[in-house]
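There are two complexes below, and they share chain A, which is joined by chain B in the first and by chain C in the second.
On to the complex of A and B.
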């Protein structure tokens, strides 16, 4: 009798995560990219690529753009309003980020969603996926930190002479936005392709806009053959990781229940080894993790992996959930054949 | 012959009207230039000062008579306040960071006609007062559009600029080549029979007629063919102005009038079109070229790395 009783927890643990995430991402994409048309305004400190260049369509704005803007002030300005504004913006970014942790990347980011859609197209066309070589993984991981340092440093060097060096040209005021594929791709979804351009007015603009065009080309092909291709280089991910520890949403692992079967690692879009190998850490939100929760859905052990919000388990791995999802996949596969 | 004389009269009258249109003085709001330094090492308070200019863009003088003048300020949240204009100065200390719109209104009765001179301009304030704007900064509101402003309830007549139509990538400002649309409102209703006068610093003047829906639009012309490559930030001023006559009689400050003439000006500035120094075709070509090279590279790399199955030999001995 009790077996047939509906349990919300059981239903959540047995859910089809792929389908849930697909629809969640679509809703988030619509709100972020088109929200402005219905008057949605989530502010300008969002920890996701809600592009500043999306004009009236955007439902909020990306903090990276605001951060670069906030830093382009003379140092004496930081004693006054500019300094307060910078701290308030950083604080608000942290508050937004703590609510969802890296879930912003896995569930909300429009650029991440676009990459997932390209992956789906590749899977439909049955083209083989690619991987970054393990020999270069360390170097690839460090690119996002280099980009983060540059995007923090260059705007400061426009308004100030740092270490006696001459001030940088104004064309570098938003260095990351210049090369971010979101600047071209997100407005394109509202019918504005005017961010695809090369600026010949100065050498700096020429170099930055050409780099932007090269990176958008790499983004489109790279995301097609490699899952979450751009997320490895994303400076937003690096910035988020700095604030990740006190976040409310967590990915916990109970190492004692892990059999090291490797299913979680194989399900991971970001090829995070620690998710399978690490049986000592509790919090497994690593620098590259997007909190997509695919690992939780792929784990066959009861309570080994769980998504935890403020101490409460919201989704955890169960044997039953694993079998249900396996059965769903099997049905889908049979249907396809 | 009589018909010819009539047509000639009409032509002469319309020519005179055209000349008078361009010859007549405009009145507009302008932000006065900031003083370069501050006294005694103290930081100057964030006061914005405005002047009223009268004349043409080429030849004008500051107006010091603010008798019967009112200035309204509308902030980014559409809250309206009235400014004090005594002492021959229009000064304003903005509290919040963001866009404000100022409206100047001055009334006077001349030759039995009530003249209502209006001017409006937008300013962007970079530094707010942190103690008063804390919540706004925390909220981080982004909807602070230059355009699509609703007419101000305090003014019966208003010229409003709508969102420009543009082909380049910059959303914030006006550039040559952009199509700038305007709408004229009288008592909150769109007026479809009012023309627009445009005059530019370079000397270009035009009268724009409304379309069927009352929208007055024109393409901002390129005013110079001198090289603009190195002068990306070069900007030019223009004044757009609309006037509207109403048959209305009354008394204003003890003076009787039998008609009202509203004139509203919008001082605007525009830069050289970004399309003069950027190439969208080349942008697309670069992105597509990179995609092709990257795809082909991947394809050949995959073909090269394709492993042949290992041949297994069994030792039969």
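On to the complex of A and C.
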């Protein structure tokens, strides 16, 4: 029995993570983008981009959309029952999120998956990926928080006069959805290209939909040259990170086993330096982490990095797993001199 | 009766002296210890062939001299050449080099320079790449060039944390690859680099398998034998090295299941760090293991550091392979030439913990300034961790044998006492 258990663990630690993730993402993509056709409805508090504009195809709805909608009410309304309702939906979002932590980004998010597909195309064409300089990498970190604050504030300012300022036009009711590439890209997968438009009906709509078109263009080009280009700016990631500490799925590091070889950093699509250089923290789910676990798969030290679910190790770095994944565990005869 | 008298040339004398140095170490390895390992025979014979009989191994192949571990052997193999690491452990060559370098230079550098000065190789490098690691190696490149050898400097940064260092070193490796590819008249391709990376990675995985056995309570292989195996990688044909080590691994598997111990039951387990033991300068390791201790792990560039870290590629295209090869030689390196040495200290502690070491022996070559300078911080860290450590300065000369033995024996006795007290 123990032997059996041991070999299952070994098989998991030796797994081909790239392949596992590829298929996991496809299944998740199908459920999120086409799940509605088979009657799947996971509600409207999902911590991932399940797009409301995808009509009946969507298997659930993104909480960021719901959140903007909820906030577009007079502030007095939040004092009573509506306030509780708001907190309950925020709580439901958190509960969904805690199950997978940032794993929603690395394994479920359809926008993330699309970007990974574009990366695969680039890899096939043998074009080198781009990177930010470390200085710029540090600077852009704050953008996702600015977007988050705007998407929270703008709907409030439509329904309320904040600091005596005039109320904002109604065209800004879903400000982030207007510029989110998911609004255009996700319905396209169910054959609906009707979100690719510029709305000339009002100045606000014109500006916002034009911005949206520009951003979807940037999304396609950007994520072709830069792995997970959009994720660096994602306000959903910012919102999630606020709730990340109590989540059940974790990425742990044992710094005493780390040689700082940097293999994990090289594998990281989000160029997170701490994964290699931080040898004191245990929890390495940082703000931009997508919990894709590529770092665990790239780490050659036994038990240095691990994916942990509620205190149980589910996948950890091992020397053997590293060698198997790099195809260094045996010599290929056809290459021998 | 007529006897012919011939006068020995200086090259012949050098070879004779080197053969004497080599054979005395090889004989000690073969005969002085209990439970010898059969498959070590390959390595004893290899060193005897090359250093006692001056037998060339790579006729007809381009031989690429490397002055430090940082020159990527993956790229050399991919371009169908053979890397020959020129770090030298012979006292004979050290004495020749001593005339050409300042008196207080590192014996390893002196020996390498002496080797080139005498121009007496069994496998002479066609071209030599010299990474700008420590001061002495860096300057030695130009001296060797003045003897008429082709030496190409490969710029190496002396900090490893910064972004600039990473980029600088990646560029250095790229330009090294371009120069070597021109020299060889062969293109570096995705497929030849990929198979070289995987082959070197496989060789490294075999080293990792060997080291696993040293974690056992009954250690089936001596530290000096391990040094010989890793030293052979400096110059051996890689395929033959691989099959010899495969045999060694399976013999050790057998020995481990039979609980064969090359040391005694109470022998203290030593982690060895500092200036690299390079054949035949096994002076300190031999003293340690002849004084009833066993080296279970090391942190040196002639052994562990050369094999520990493997290339990790994310996208198997040329651009990413070259970058990952570069990173391997910079990021995980614990060489004391770097400004910071926290990684080296953490590595030593980790080795002591995972190999159940009883103490650390830190050897610095007299004249190896960077190892001498790091001594204080390493000693302080070991004291903090409660790990006994002995610091020894030595060189290649056979003269201080008695004094060194006394110090090592005393340290080992104290470790034994400590072990007894713990019980």
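One rule holds for everything that comes next: the second predicted complex is superposed on the first by the 319 of 337 C-alpha atoms of A that agree within 3 Å, B and C clash if a C-alpha of one lies under 4 Å from a C-alpha of the other, contacts with A are read in each partner's own complex, and residues count from 1 in each chain.
Just so we're on the same page, contacts are C-beta pairs under 8 Å (C-beta built on N, C-alpha and C of every residue); 3 or more make two chains touch, one makes a residue touch a chain.
Owing to the predicted nature of the structure, the values given are computational and were not obtained by experimental measurement.
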item: Partner chain in contact with A:222 - chain B first, chain C second, else both or neither; value: first
item: Which superposed partner A:182 touches (first chain B, second chain C, both, neither); value: neither
item: Contacts of A:197 with chain B and chain C, given as first, second, both or neither; value: first
item: Most chain A residues touched (candidates chain B, chain C); value: B
item: Touching partner for A:128 - first (chain B), second (chain C), both, neither; value: both
item: Which of chain B and chain C A:84 touches, first, second, both or neither; value: first
item: Touched partner set for A:332, first chain B, second chain C, both or neither; value: second
item: Which of chain B and chain C A:47 touches, first, second, both or neither; value: neither
item: Chain C-contacting residues of chain A that also contact chain B; value: 128
item: Contact set on chain A toward chain B in their complex; value: 36, 39, 41, 43-45, 53, 55-56, 58, 60-61, 66, 80-82, 84-85, 88-89, 91-92, 128, 130, 184, 193-202, 209-210, 213-214, 216-218, 220-222, 225
item: Touching residues (chain side chain B, partner chain A) in the complex; value: 43, 97, 127-130, 134, 137-143, 145, 163, 166-169, 171, 229-230, 232, 274, 277-280, 282-284, 286-291, 294-295, 298, 302
item: Contacting residues of chain C [partner chain A, same complex]; value: 161, 163, 190, 195, 198-199, 201-202, 204-205, 208, 239, 242, 308-315, 317-320, 323-324, 327-328, 331-332, 334, 343, 346-347, 349-350, 353
item: Residues on chain A engaged by chain C in the complex (per definition of touch); value: 123, 126, 128-129, 133-134, 256-263, 266-267, 276-277, 279, 294, 298, 300, 319, 322-323, 326-332, 335-337
